[in-house]
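One chain, chain A, links the two complexes that follow: it is found with chain B in the first and with chain C in the second.
Let's turn to the complex of A and B:
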């Protein structure tokens, strides 16, 4: 019974013009999207390599210079692009790609692609994730909306019932018939993506395991949609009504809820404006040691403390350059201030995430989107991770420079210059994104929500089709 | 016949609860979207006024400090922030250059979540390093905002589709088409009348919803008639276009399900695919130069300039002999060298920095030409412009800020090079930023869109009249 229904439905689907056309369109769109993204990916990666190496060359060839001048001159951390971003671009368009690392200041990533585009960019891009997240669910709606209603409309429902099989058998047959083309398409797509990506030069970063995890997430997402569409089709009397209802679900889940969620999240847990943030940081910075200000109260206190520790009565008698030492203490205080304020931002974001998660109860789109972005290393968390790694590197660099300054010169000597070869001894900034396992642990709640959707929709479908 | 049709259809629509449902849904969507929009605008206003307040306070502080300095007292702030130095004023007491929201800003978020609405240009900053990007969670940017523009551009067409996809096919499916064919009435006329009634109801409901929106936002719909009618006109033009498409599909396609699929296909093409394809083509034709490579170039140039600072200062002074005449001390310090070389850096980098604005302008021009491929683009762009949140509005703001940053510098640099002190008397003369919004042109887009809709209606009405009726009946 299951097999018979499956074959009959599949045959019917392939005979119908709308299915063939819809399929061809989706495949065409997908190949277009992959083509565009692949080109962009190669482009961005080439730029990244050039920028990274030429930035390092600038740093290495500074010549003789005071270490603190070099600290102000600073260096850049560039964010790499990862292979799976080809499948899901995530928030990459909206986050900057380079962070300026300088003395006294933690800077944010600058120059997001979106700020360099027209307002039209906000409609979305023709990328594989657009097809995977929006168009394929729509295809499911188009393929499955009349799965049960057509039996009613053609009067074959009674015939079906008279066959003697239990309901769940032919329901499963219909389910399989709808699942199979989607399954085949998704599998082929991910296989192609895998082959394409493993053929890239930086094969080391790409992992089949991550791609497979992503594949499973999307399959689960499609199964949820299949269940919902079939559920509606089974409960509604007319094909037209079934189509409109299934579409409403699509609109609410994929368009309405994410947008509403972003509004609610922003209203409930707003970010400060850039200027406000800077003002708050500045106010806190004033509370502690400023490396450039030996006259402040905090600097005097530090002076007394250090003199006492070393049992000397003048800064000139210290075995190191106190100017540089103060500079380092100032740096440490500033780093703490930044840590506090960026933590506040992170806190706001984790509160916002809770809003998204609670609204995921009415939209399977949300957990899928967050999971797929995480796996692709294109989510906000990875961006934070990168920014934090850059900050750690910045703090280490400052210490490295201030230590050199402190150890190789005496108090009051601002003319000191480090050797030209010194700069090369600064370690290179390397960033490794979180591993798949870590990502999965971080996303347990999203996995859980998607799981509830998956099993819940199955359960409701089976229960409601018991009586047709 | 017309009045019969009208009465009968109205009864049907009321009994099937369509009109009731539609009014509730429309009011809810418009209301929620307006509420969201108003909240963002309120936050924007509060942020700006807080920033202005802060400047006022810091100005009061500055006057106090200047007073103390002029009376010869010692002050307890770091040496380099004492405002008697013009550079300290320029760096530690910047003005707020703010872009106040326009009255209709709540209509469309546009680029408002992406860009900041006020900056404080400093005398030593780089124009190109001025960060206009707002601190927003990228997830929020990715999902976008549930604003009135979203309701109009994305959702309204779907409501229209749900409202009109089966006008003719339902008759066919319920078997009443044959009865209808027996009436002395052209099929087109009849479909037109049915859709006309639906359009009429949509007109009334949208009118009411828009009135509610204006009342919510505190704009008087009749005193500010131009605003009201331009928004309402645009929505109606866009609505008319979708009704026109529904008319064609009803006449030409067949069953209810096929109609729905066809209309949805059109929706996807016009609302989702055309804009992104156009954007991507624009990006490919006029690609943005790489920002990472720009950073490299900028840094190289700065490194070169730092090495030649003394030479640059000499050249600068040669170009400005007036400074030699006015100032007898001729003492030159860090800021003299820095400002002189900074000026050179700015001039050298100007072509590179301008290339971004140029490319953006080219992309925008490209869109202006090809936006006609999709009414959704026209509607979105027009709404953004109405709200003052379009790409051009922010470009306008950026340009004005850069010009103001120049004024700010030029106001203080003579003081620096003449080695004059900044005094309490100079405080009132500091330049202030005034934002001039773009002129709103006439809404010719709405009119063209409306004409387009009417043309589609006319086309459907006259083209292949017999065949469609014939086919309809034959397929019975």
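Let's turn to the complex of A and C:
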């Protein structure tokens, strides 16, 4: 009976014009979205490679120079573009692509793609994640809204009931018939994406495992929508009402709740303004050693402490350049200040994430989106991870430069210049994003919520159709 | 095959069916006559197990319908007034599907045989139902009953809206099923068709079975008179 109903429903679906039209539109949109994204992806990666190598060449070829001058000259940490960002661009567009690394200061990522776009960008981009997250659920609504209501309206329901079949088998047959085209479409899309991505060169390591995980997340998301649409169709009497109700669910889940979540999260746990943040950092910085200010109270205390530790009376008697040493201590103090203030931002981000997670109970879109972005390495968490890695590299770089300055010159010698070959010995910045397993552990709550949606909606569907 | 004992159905204060005692044996065609709201469709819905009785009981093949709703359905076939099938599927595909729901897997030749036996023209078998007339759809309904090998056939106004030729063909099909031992209960307004096909006739009014007649013992005119008298209409002429 399950197979019988599945084949009957599938035949009906494919013989109807609206289904063929809907399929053609979605396939066209998907092809277009993949094409556009692949092109953008290739462009961005080419720019990334060029920028990364040319910046390193500039650093390596600074010639003889004072290490602290080099520290102010600075360098860049470039955020790699990961293969799965072709499928889900996440927040990549808004987070910036590179961080300028310099002495005394932690900078934020800059040069986001969004800033390069004109006002027309407000219309949104045609990307695969837009199709996956919005259009395919809409297609599910259009294909499934009358799955049960048509039986009532056509009058076939009474004949079916008189045949003595089992309700749950019949429902499962209908469920499979709606699931199959969505399953086929999603599978083809991810296979094509996999083949495309695995063929790309120089752009990070593509993982079939991650792509498969993302594929499963989207399948779960679609199953939830299939369950909800069929549930509505089973409980209401008219197709028109079913369509409106299913569309309302789509609007609330995909458009309303995510936007409301964003507003609620920002209201409950706001980030400080840029001015407030800068003022707070500056105030805290003043509480400690300033590498460039030997006359401050903190610098004098440091001086006394170091002289005492080394048992000498003058900074000239120290076996290293105290200017460079103070510079390093200043860096360490500033790093702590930035750590404290960025930690506050991260806490706010974490609190905002909790708001999103609590609202995920009324929208399967939210856990799906978070999981998808995490797997694609295009979420805020990965961006924070990258920014932290860049900050660690900045701190290490400053220590590397200050150590060279301190060890190779004496106190007061600001004329010291490191050898031209020295710059090449600075390790290259390498960022490795979290592995899939780590991502899944971090997203346990999202997996759990999506699981509840998946099994809960299926259970309710089966239970409610007992009384059709 | 079909037995009802004091079968009643109330909707609040409204009595849709009142203590119906009825028996239809194998090879009998029982026509229930009555105006709209007389209780004919309620009787059929109770026998189908679609609604629960307020009191009394109904039996199909000795099984209590209310207690064994699913089991009794394997013995019966049902054709409503306006038999609707899936318009984008062919007659064969519809038959195949409905038989599958009843747990019968048919081969291609079996579906052809059943549809032809039900009187459907060979060239229509693989045509989509959307192009079928009501009479043709009713024939597919009969084919579904044949394929199910139903012992009981429940018909709710099956000839309503059919042209005389189609109605006559439908009557002949019922006779064929009767010869096979099928017990048929048919709710209808059509006195002429009832007289033509029935072995037994019952006249209902206000949820009660007012008269039971042996069809062969009564003429069409007498049947009409009995019907009108039961309905309390004044006989003209």
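Everything below uses one rule, namely that the second predicted complex is superposed on the first by the 462 of 468 C-alpha atoms of A that agree within 3 Å, B and C clash if a C-alpha of one lies under 4 Å from a C-alpha of the other, contacts with A are read in each partner's own complex, and residues count from 1 in each chain.
The rule we apply is simple: a contact is a pair of C-beta atoms (placed from the backbone, for glycine too) under 8 Å apart; a residue touches a chain by one contact, two chains touch by 3 or more.
Note that the structure is predicted; figures quoted are calculated from it, not measured.
Peer 1: Please work out whether A:11 is in contact with chain B alone, chain C alone, both, or neither, and reply first, second, both or neither.
Peer 2: second
Peer 1: Contacts for A:36 in the overlay, against chain B (first) and chain C (second): which applies, first, second, both or neither?
Peer 2: Touch status of A:36: first partner only.
Peer 1: Report for A:290: first if it touches chain B alone, second if chain C alone, otherwise both or neither.
Peer 2: A:290 contacts chain B only, not chain C.
Peer 1: When both complexes are superposed, which of chain B and chain C contacts more residues belonging to chain A?
Peer 2: After superposition, B is the partner touching more of chain A.
Peer 1: If you stack the two complexes on chain A, which partner ends up touching A:1: first (chain B), second (chain C), both, or neither?
Peer 2: second
Peer 1: Using the superposition on chain A described above, determine whether A:412 touches chain B (first), chain C (second), both, or neither.
Peer 2: Touch status of A:412: no partner.
Peer 1: Please work out whether A:161 is in contact with chain B alone, chain C alone, both, or neither, and reply first, second, both or neither.
Peer 2: Second partner only, chain C.
Peer 1: With the two structures laid over each other on chain A, which partner does A:170 touch: chain B (first), chain C (second), both, or neither?
Peer 2: second
Peer 1: Can you list the residues of chain A that touch chain B in one structure and chain C in the other?
Peer 2: No residue of chain A touches both chain B and chain C.
Peer 1: In the complex, go through chain B and note every residue touching chain A.
Peer 2: Counting only chain B, the residues touching chain A are 32, 36, 39-40, 43, 47, 50-51, 54, 78-79, 110-111, 114-120, 131-146, 150, 154-155, 158, 162, 165-166, 170, 256-258, 260-261, 264, 268, 271-273, 275-280, 282-283, 288, 290-293, 295-296, 299-300, 303, 356, 360, 363-364, 367, 376-377, 380-381, 384, 390-391.
Peer 1: State the interface residues of chain C toward chain A in the complex, per the touch definition above.
Peer 2: It comes out as residues 48, 50, 70-71, 73-74, 76-78, 80, 82-89, 93, 96-98, 100-103, 141, 144, 148, 154.
Peer 1: Report the residues of chain A in contact with chain C in the complex, numbered from low to high.
Peer 2: The contact residues of chain A facing chain C are 1, 4-5, 8, 11-12, 15-16, 154-156, 158-166, 170.
Peer 1: Using the touch definition from the top, list the residues of chain A that touch chain B in their complex.
Peer 2: Contact set of chain A toward chain B: 18, 29, 36, 47-48, 50-51, 54-55, 58, 62, 73, 76, 78, 90-91, 93-98, 108, 110-126, 130, 134-135, 138, 142, 145-146, 238-240, 243-244, 247, 251, 255-256, 258-263, 265-267, 270-277, 279, 290, 292-293, 295-296, 345, 348-349, 352, 356, 379-380, 383.
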